[in-house]
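Here's the structure, in structure tokens; my notes come after.
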Amino acid sequence: MKRIGILTGGGDAPGLNAVIRAVTRKANNANCEVLGFQEGWKGLIEGITMPLDWSNTDSILPLGGTILGSSRTNPFKRESGVERILENFRRFDLDAFVAVGGDDTLGVADRLYREQAFPVVGVPKTIDNDLSATDYTFGYDTAVNAAVRAIDALTTTAQAHRRVMVVEIMGRHAGWIAAGAGIASGADVCLVPERPFSIEEVCEALKANRARGKMYNIVVVAEGATLKEGHTMTQAEGTDEFGHVRLGGIAPALAREIERRTGLEARHVILGHLQRGGSPTAFDRILGTRFGLKACELALAGDFGKMVALRGNSIEAVPLSEAVGEMKKLGEEYLAIIDEFTR
Amino acid sequence: MKRIGILTGGGDAPGLNAVIRAVTRKANNANCEVLGFQEGWKGLIEGITMPLDWSNTDSILPLGGTILGSSRTNPFKRESGVERILENFRRFDLDAFVAVGGDDTLGVADRLYREQAFPVVGVPKTIDNDLSATDYTFGYDTAVNAAVRAIDALTTTAQAHRRVMVVEIMGRHAGWIAAGAGIASGADVCLVPERPFSIEEVCEALKANRARGKMYNIVVVAEGATLKEGHTMTQAEGTDEFGHVRLGGIAPALAREIERRTGLEARHVILGHLQRGGSPTAFDRILGTRFGLKACELALAGDFGKMVALRGNSIEAVPLSEAVGEMKKLGEEYLAIIDEFTR
Amino acid sequence: MKRIGILTGGGDAPGLNAVIRAVTRKANNANCEVLGFQEGWKGLIEGITMPLDWSNTDSILPLGGTILGSSRTNPFKRESGVERILENFRRFDLDAFVAVGGDDTLGVADRLYREQAFPVVGVPKTIDNDLSATDYTFGYDTAVNAAVRAIDALTTTAQAHRRVMVVEIMGRHAGWIAAGAGIASGADVCLVPERPFSIEEVCEALKANRARGKMYNIVVVAEGATLKEGHTMTQAEGTDEFGHVRLGGIAPALAREIERRTGLEARHVILGHLQRGGSPTAFDRILGTRFGLKACELALAGDFGKMVALRGNSIEAVPLSEAVGEMKKLGEEYLAIIDEFTR
Amino acid sequence: MKRIGILTGGGDAPGLNAVIRAVTRKANNANCEVLGFQEGWKGLIEGITMPLDWSNTDSILPLGGTILGSSRTNPFKRESGVERILENFRRFDLDAFVAVGGDDTLGVADRLYREQAFPVVGVPKTIDNDLSATDYTFGYDTAVNAAVRAIDALTTTAQAHRRVMVVEIMGRHAGWIAAGAGIASGADVCLVPERPFSIEEVCEALKANRARGKMYNIVVVAEGATLKEGHTMTQAEGTDEFGHVRLGGIAPALAREIERRTGLEARHVILGHLQRGGSPTAFDRILGTRFGLKACELALAGDFGKMVALRGNSIEAVPLSEAVGEMKKLGEEYLAIIDEFTR
């Protein structure tokens, strides 16, 4: 094998640079070159490259984001997208390809492999940790720690003013980050998409906390948390079920409603991009490195159509098609922990 | 002197506990007791106390917030508020009082001192650093560092997606935190209340940056930043000058408008309470300690009607009335620095 | 069940307070009281207690160390130690006991269970991650992250002076922390007890790095790293194999020897207690919580003589005797990663 | 003016890159080029350059160290050192020079200015904050904060084991970092070069603390702290006054002696290079930026033989000769604060 191509697609996740570095190092050690393509599939379609070697990847482990840049370009949705990918693959004299990304990026990889025999290996990436094919994805640990640090810091100001602090966490469809952050920060209430809530129960829990003598509260809410069927937060005219048609975000609506119903002062913070940014944790740097090494090993061995995955403590190869399988919802154990601490 | 009372009022600021600890330690060393009153003036009006001594103040330096709690209660606006303060002062056998707070809290202290000969010493507190009577207030350094760490973290995700990241910073009337954070984080654009902006100039600056080859941008905007007279951001019907009547926050409006005008992807983050929370920096712990020691010295000496202030490198006593003087706007040097880096 | 006792023994590990909190919360939810014993087995021998409940455990998740204190007291080595434990168990009206500790603490628990039918459940704790009975122990993730942050920070000063920075990491018998920190920080050399080294190879690796254009180097060394058989670092008279009879620590000796042999400036830092201190990471808070909940479940069910363990992604109960089994050495995958990046 | 040269010399300090960036930006804005010289005076003697411009300085604010590298090379101690400097100044077509460094680097600049009319402007740099010509130097705030974070983290492990933790801090001749860290972390004992100590007093203070119920202690000691005249720590034969002839570091000796005299378990940590590394605080980034802008302004105006300095709140120009003046010892206020908290 002479030359491997690599790209990173979709939303960035801390740990992407660890993958890029590991693929480059292992390939170079096996006398194989690595060529980076910039901004996801767009780079391969348009031939925008960046040679990767020892010197420009050696020091990138502490960096969040991806030195290759990313995008959501889908070659199947661009005219001649697939043709140009195959053409550039030949033009740049590649023997194998590593695609790092979420279900969109890997879905493209899988289809290229199946329909065009494109020699590709996948590395799963989602900060949301909701891919069923792998136990953990890199970026998740960094996101949870960022949220926990933020909540720890918010605690003192909440306490000073005897406030309820509502913290909105990433997670539209699965509550992994919210549950991790909620459990690790000792939140008094933790709302996730997997378990619809009622505003009455939330307010009861907060009042019970105050009755025990607690002077402040933390409410963690995933952006995708929803109300139980038939429940609403407010009847205010012209608003949706959360009372926030024009106000964006579940956290402000929830804070307002808690304040109205309990008389406790409530404020909100939306962590947003802060959960995605910043230097990856040790866990994510190591997981990214392990994924990268295994992906490169598969590529060097010509074992295509696979993606790497963490299963228990070992890194395994599974069919690429699994990447686009079922979404991994929060498991029973985590839901039980939330129950134990917020009843 | 036998016993000093102390309270903390207004919005919390990292460093308040350093003041409380220093007052307690110095008073105790002089064989004087210290009695804390909870939740600002409310605690003195209602007689809600917390004895302070070596053991419950020794380890509080690293804590944000205030162990005494805070509130915005104004005794002049509550029936018999002033009478009850004077009564509790006698009832709890106090000889002097230390009030820690912003212009509201210290304004009350000043009026009590002038009208009632209330034996009080003030300690200035505002995270915004906009009190003209003192060069710096504690809490400001912590807020700026929190903002800078957040922006540093946002940089990598902005870079990965070639985005413009608009970061909203505290500061309704003065741009100290925004300017500090903008200068220290190397923001490409920094908008403060002291210098109204036009959306056209902002977009020009961003385009100039991209033309130089930069792949991402950071825009720092104080919550109180305003448009130049006669300028608007958008003509969309039913919206105010920022196009955000119902959408709260200048950052989302700015991000949307930048995206619309430049074609660059733009996102926003509102740091909010994250700037106020968390463990105080060394600077704020030391400044709080210095303020507390000096305030206690004044109280012990019976030198009332004063507040402590940082002037150059020394802690001085100035008339309490100065606390409620003019607001300190961002100076020429900082505005010139912003100009130098964003032209 | 009416009342459960709990103690924490041996060296402290970030995450202990998560265990204490989880045991207390789950027991309280089941209408069972929890009584803490201070400073390990010493507290149970001497009857030094601390009642645990909702209010004094609710906010302890972010705290490192253990609110119960710890010690290395072994009841089998103290006169009447065992008798007094049994007596106090009755005296304090306990129905079950949870012992949190490493192989010493759990070895005592196991012997008490086997010899005295002491109704105990164990929770494994070692920052070194070297217990074979569980995949991970809490404290390890915090230690690795602390080391990685330290090394990230040392990088810039190493770079400014074109230096080799030798960083000594905890781990007398197993190299888990050193390997984790070395891999995650991108160290150029990573020396662990599992793989004896020669000073010649270390210097070769550093010189090869410089030849590739790198201007600084990071060498991670576990405190228990040893030389290959027959190898020495220096022949200086009156010194041991590391040339540091009186100088304590492998890092200073290594730095000196590297400097002497390569002519590169070398410095050292011994991280020591910094790896153990500080707020636990999210991973360790969650693992401690999961361990505590499971241990309490076992205690409530009367399922004694067991300890909790992480196996893959689930928390399981295994015989207490496994805690004192074989030490878990660094596995092949990690050694292979080290090889890949330092050849 | 067409082209300005710049170098950074001596030990690195967080904030150096802010200076480099500010000089480059301001010069470029005035249509003047900037040429960096690598590794201090060595770079100018040997002509090792690095062109500086918008794109390679725009993003360096968050980086510790110096992108130019540093060294302790003194041209007056190298053959033809001065001649080659003057020659390279002409050869690279420079009009002015900015030298950033401590008393050594600026002493050279001053002598070159006086003896050779070398057109140089100085920027003071010392992490130790002991230059009398300026109120603060950048790097100091970062060092103090790094020490405070470390001590905060050590507190929990000290507490768990009821230990005395002795923390050695930089400062051979002046105690600024130790005093800052000691005051801000609430250390129980703080030993600085400016105030010789006796081991008996240290042990008394620790015992008094324990008598008040405190379960752990933090002792901060500057590396240059010394015993009072006539005092020794131990009479052990063959050792020096600290009992550590061969053991390097005052902290280990102090910990051993405290343990021997008080019976309390004591441990030590030497922070060393950790205080110098890492991303600069906002304060240091801003001070470095202000220094750089002012230095560039002086250079552009041809106002040579000066160095920039912080006086109160403003940046001023003072004669370069002041840089090599008296060392700034810890002032009375800080010593009084230490007394107040450790009596």
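Per-chain residue numbering starts at 1, and chain names A, B, C and D are given in the order in which the chains are listed.
Basically, a residue touches a chain if its C-beta (ideal position, glycine included) is under 8 Å from a C-beta of that chain, and two chains touch if they have at least 3 such contacts.
Here the structure is a predicted model, which is why all the values come from computation and not from measurement.
Student: Which chain's centre, taken as the mean of its Cα atoms, is farthest from the centre of subunit C?
Tutor: B
Student: Measure off the straight-line distance from the CA centroid of subunit A to the CA centroid of subunit B, and report it in whole Å.
Tutor: 34
Student: Rounded to a whole Å, what is the gap between the Cα centroids of subunit B and subunit D?
Tutor: One centre to the other, that is 29 Å.
Student: Could you put a whole-Å number on the gap between the CA centroids of subunit B and subunit C?
Tutor: About 41 Å separates the centre of subunit B from that of subunit C.
Student: Where in subunit D do residues touch two or more other chains at once?
Tutor: 152, 155, 279
Student: So how do the chains connect up here, line, ring, star, complete, or something else (other)?
Tutor: ring
Student: Go through the chains and record each pair that touches.
Tutor: A-B, A-C, B-D, C-D
Student: Which residues of subunit C touch subunit D in their complex?
Tutor: Listed in rising order, the residues of subunit C that touch subunit D are 8, 11-12, 14, 16, 39, 63-66, 69-71, 146, 150, 152-162, 165, 215, 246-248, 252, 267-270, 272-274, 276-279.
Student: Name, in rising order, each residue of subunit A that touches subunit C in their complex.
Tutor: 21-22, 25-26, 29, 54-55, 58-59, 61-62, 135, 141, 144-145, 147-148, 152, 155, 180-181, 183-186, 212-214, 279, 281-283, 285-286, 289-290, 293, 311-315, 333, 337, 340-341, 343
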